[in-house]
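Paired with chain B in one complex and with chain C in the other, chain A is shared by the two complexes that follow.
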Partner chain A sequence: MPQSWCTNRFPDKKEQSGTVYFFVNDLKFLTEMAKINFITKAGVEMQLEAASGSVMELAVNNSVPGIDGDCGGVCSCATCHVHVAPEDWAQTGAPGDMEKDMLEFDDNASEFSRLSCQMSISDELDGITLKVAN
Partner chain B sequence: MSSAKCPFSEFPDPFAAARAAEGIREIDDQGDPVKMVLGHRDVRKSAHDWRTFQSGAKPGRIVVPSEVNIRDIRQIPFETDPPEHTEYRALVEGWFRRPLTESYEAGLTNLINQELDRAISSGELEVVHDFALPLQSRALTLLLNCPLEEAEEWIGWGTHVFRSDDDPLDGDKANQLYDYLDAQIERASRDVENGEDIFAHLLRAEYRGRKLTHEEIKGVMILTFAGGRDTVINAVTNTLAYFAGHPEDLQKIREQPELSARAVEELVRYFAPLTHMGRVATSDAEVSGCPVAADSRISLCWASANRDPKVFEKPNEVDIERKANPHLSFGFGIHKCLGAPHARQVLKVLITALTQRVSSIQVTDHQDNIEQWGDFNRKVGFHRLQVKIS
Partner chain C sequence: MEDTQNQSCLIVGASHAGVNAAFALRRAGWAGTISIFDRDEELPYHRPPLSKGFLSGDTTVEESLLKAAASYETEQIGLHRGVSVRAIERSAKRIELADGTRHAYDKLILATGASPFIPPITGLKGSDKVFPLRTAADARGIRAAFMNSRGKNVVIIGGGYIGLEAAASLRKLGGEVTVLERENRVLARVTSPEMSAFFTDLHTQKGVAIATEHNVSSVEQHGDSLTVVCAGGLRFSADLVIVGVGVRVNTELARSAGLKNSNGILVDGRMLTSDPDIYAIGDCTSFHHPRYGREIRLESVQNAVDQAKVAAANICGSSTAYDAIPWFWSDQYEVKLQMCGIAAGYNRVIVRNEADSTPCKRSLWYFTDDQLVAVDAVNHARAYMLGMKILKEGRSPAPEKLADPEVELHPRSIMP
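So, the complex of A and B:
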């Protein structure tokens, strides 16, 4: 059973690696899972999947290094910063105004920067690759 | 919602007019004036530009009111700039992220439940001294990983370790903390290998191929007592005041516990427990169209930025469901608050405990704590908040 079946259970960060949690409610999402590839600063690739929640929640629940989600996803901490692979930019779309504000003075920001807490998971994001910025 | 004006749970924004007009306002401080930067974008921009606006000035100078006359010791990493800042911060970053672990949250829940039960059984109490101060002190033992009993001494120091009733900048009072830290570093150095508290952690740390000096360790530790004290005490007290005035919001969280994380961010935005923090210009510069001379001071006014209508819809209203909330209460850029994971966890656990244990909070008396910055009068919290709680 893929571990990512428990991934929309944020902010229960406790329920992470090792244990597989299964929620009956998750079944209804099974048809629309999106696979998302993360590449960490250290170059480790992680493929995770979920059907709902935000990309930050998916990453935090699976302990992706460099994505901390300190503010719980309200766009105030920038600890969920990712660089979208240029070829996937059309799929993710550009950041919203507040998100752009928070990225404006971030030294690691590029033209493909997003705060992953502001990216909602849907099948539109299926297959994208995100490089963790920090 | 704010239908009727509540006399104790409103925190007005004194900066609105100045922020909209010139965006910056000079105030005096012991003959070393400070230009307060008020707009969200200007605050972020100046916080980001650490080369022009440094923290590593003379110790005490970036704090407003300035503390240059009452201390020589440098706070670390707070009063340093890169590259030193980056290296110092790396030594403690991991330690300050421990609040995110399950066992930490469990310990904190246990502790806060006990504080609340104590409050409920007494029925009536003064929140600042009888609830927020002991809660903050005891919670800090978790962060420093030291015995709970240590908190009794810290509680005895009162709400601010540097201030006595008759003197806002009391050097003697600071000495009490310094003596305590000297003794603790001395104690921890007797068993560096096995020690499990933050003192032992710092004694083991390597900085640029050497151990930290006694002064450096003290510089780090002062900050955990100074920076994490009034801020947390105000945040806790104000949270109780807020829910006393807005029981409907507490009820909402009771029904939807997943709102608690957003509620914490929104309350922290609204209260902004640390109003502003200074920087010293390293060269002639300009902020918001206003010249800033080399070696003069600016301050980054987090509290004003948090009410900037260019960024926040209805900035003066608390909306515990606010989704995008880029507040600056914990700062911005390289110096952003190291204690934030702890502070957030304290508030989240507190709110959860309130929803589970408390049915009513009634304010019976209060005395506001109003800061004066030039012409600005800002309510940051309470000197006293008397409540009935059940």
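So, the complex of A and C:
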């Protein structure tokens, strides 16, 4: 990867000569894929990976049964509902206000429910397991 | 299911309905070939962002694809873009493309949708500064014309959802926007006077001029600038004009093939047309909705996707009937409107504003006598989902409890 391209990561610091901004190893994060495990209603396990986008998009593009993403990710259809494995809850974090409202009256909802269109993929999510709700 | 290995399913239209049908067919076990044809050159994309995040520059068409390009390959779905279907030969069970080639089908799905209606007003047709808003190309054209214009003056003909969303998106970018509506309120065909008033206030506060009872009689072009002339002589100058006055259903193919039509291609609860091997889904269909007891035609993503799933299930042999509750949304500025049910014919509306909520969470509950028929929720996903749940169960909350903001919005509190 050309060095000039790399330094653009911190354009405001470009002028400070003599400073090492990052090690080449750090570049890994640019291409780092987060692996996400899906378990469908039928019990099928699928491991998928992506570097960006939402968890819903990853699932839709790989035809994970039960994640339809009908509204395109604008928090209006709840067809992207997943249950986060309890041990991964700290990694995903709790739903936002609107997301919580969308889930409250869902008979399928649990304390670990999330709408996967509201979860954006980053290395933070690497290794988590999600059970598809529908 | 009968063996579909050597069968062919063709789909006309690669948008919300057609694309979802193709993938639903695979999931339902269709083992034969699947080919989708669309005259649009683009990889199939979500239309709702076109008037929202795309116009305002918050998202791109590439970020709004219905499915990634690779998904079509993985699922072995043949996607033929930039191809127009010219005719259906029902007796030979094949379709003819614009270039004369023919493709045979065992099952055919029509997902031809609708096209923007351009009213016969002098000067609307043929101008490169007048745009409908249905396709990615339309939206790109609007964005380019807007960005390149000096005055950023926009006149929008038609105060429906698309017109108002476009107004909000371009206003966000600093446009001087005027919405001209023929009726005495915006959204006249699609929502209640209460909601119309809410959106008129919202746009007015944001600096968009809303002019109702303004009937456009002609559009004049002088060089780069346009003048929109209304009956009565009022004139509005514009750098570009967006026409959002509704659609014409794409029924030509079905009509010339002799399929039954009314307000759209007529289908039964399984999405089957009057030909036992031809299904129709999405904006182009007219159907009897069991929940409402009458024939309707819907223009929404929900309807397109749910009908696609029903058609696919029936084609693959599991008898399923469509009876989904309609839902819809609209984003304007920071306001999110979510709707479920069909309000038509209501005779009572309860307006509920949640105490101490900023921005105000508001919901409108429409009743026909004592029966809840629809809910409109403004920034209030909780009311929207509660409404959806109650409508699904066929129950109705007690209007006087709903009307009282002190009573919590929860089934345990608002039911009679």
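Operating definition for what follows: the second predicted complex is superposed on the first by the 104 of 134 C-alpha atoms of A that agree within 3 Å, B and C clash if a C-alpha of one lies under 4 Å from a C-alpha of the other, contacts with A are read in each partner's own complex, and residues count from 1 in each chain.
Note that in this section contacts are C-beta pairs under 8 Å (C-beta built on N, C-alpha and C of every residue); 3 or more make two chains touch, one makes a residue touch a chain.
Predicted model only: the values in this text are computed from it and were never measured.
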Chain B versus chain C as contact partner of A:S110, first or second or both or neither: neither
Touching partner for A:S122 - first (chain B), second (chain C), both, neither: neither
Partner chain in contact with A:G96 - chain B first, chain C second, else both or neither: first
Which superposed partner A:C71 touches (first chain B, second chain C, both, neither): both
Contacts of A:Q47 with chain B and chain C, given as first, second, both or neither: neither
Partner chain in contact with A:N62 - chain B first, chain C second, else both or neither: second
Doubly contacted residues of chain A, that is, touched by chain B and again by chain C: 68, 70-72, 74-77, 98, 101-102, 104-106
Chain B contact footprint on chain A (complex, rising order): 11, 13-14, 68, 70-77, 96, 98-99, 101-102, 104-107, 118
Residues on chain C engaged by chain A in the complex (per definition of touch): 23, 26-27, 46, 48-49, 64, 67-68, 70-71, 74-75, 301-302, 305, 327, 329, 331, 336, 338, 380-382, 384-386, 389, 411
Footprint of chain A on chain B - complex, ascending: 40-41, 44-45, 47-48, 97, 100, 102, 105, 258, 261-262, 264-265, 269, 311, 322-328, 330, 332-333, 336, 340-341, 344
Contacting residues of chain A [partner chain C, same complex]: 60-63, 65, 68, 70-72, 74-78, 98, 101-106
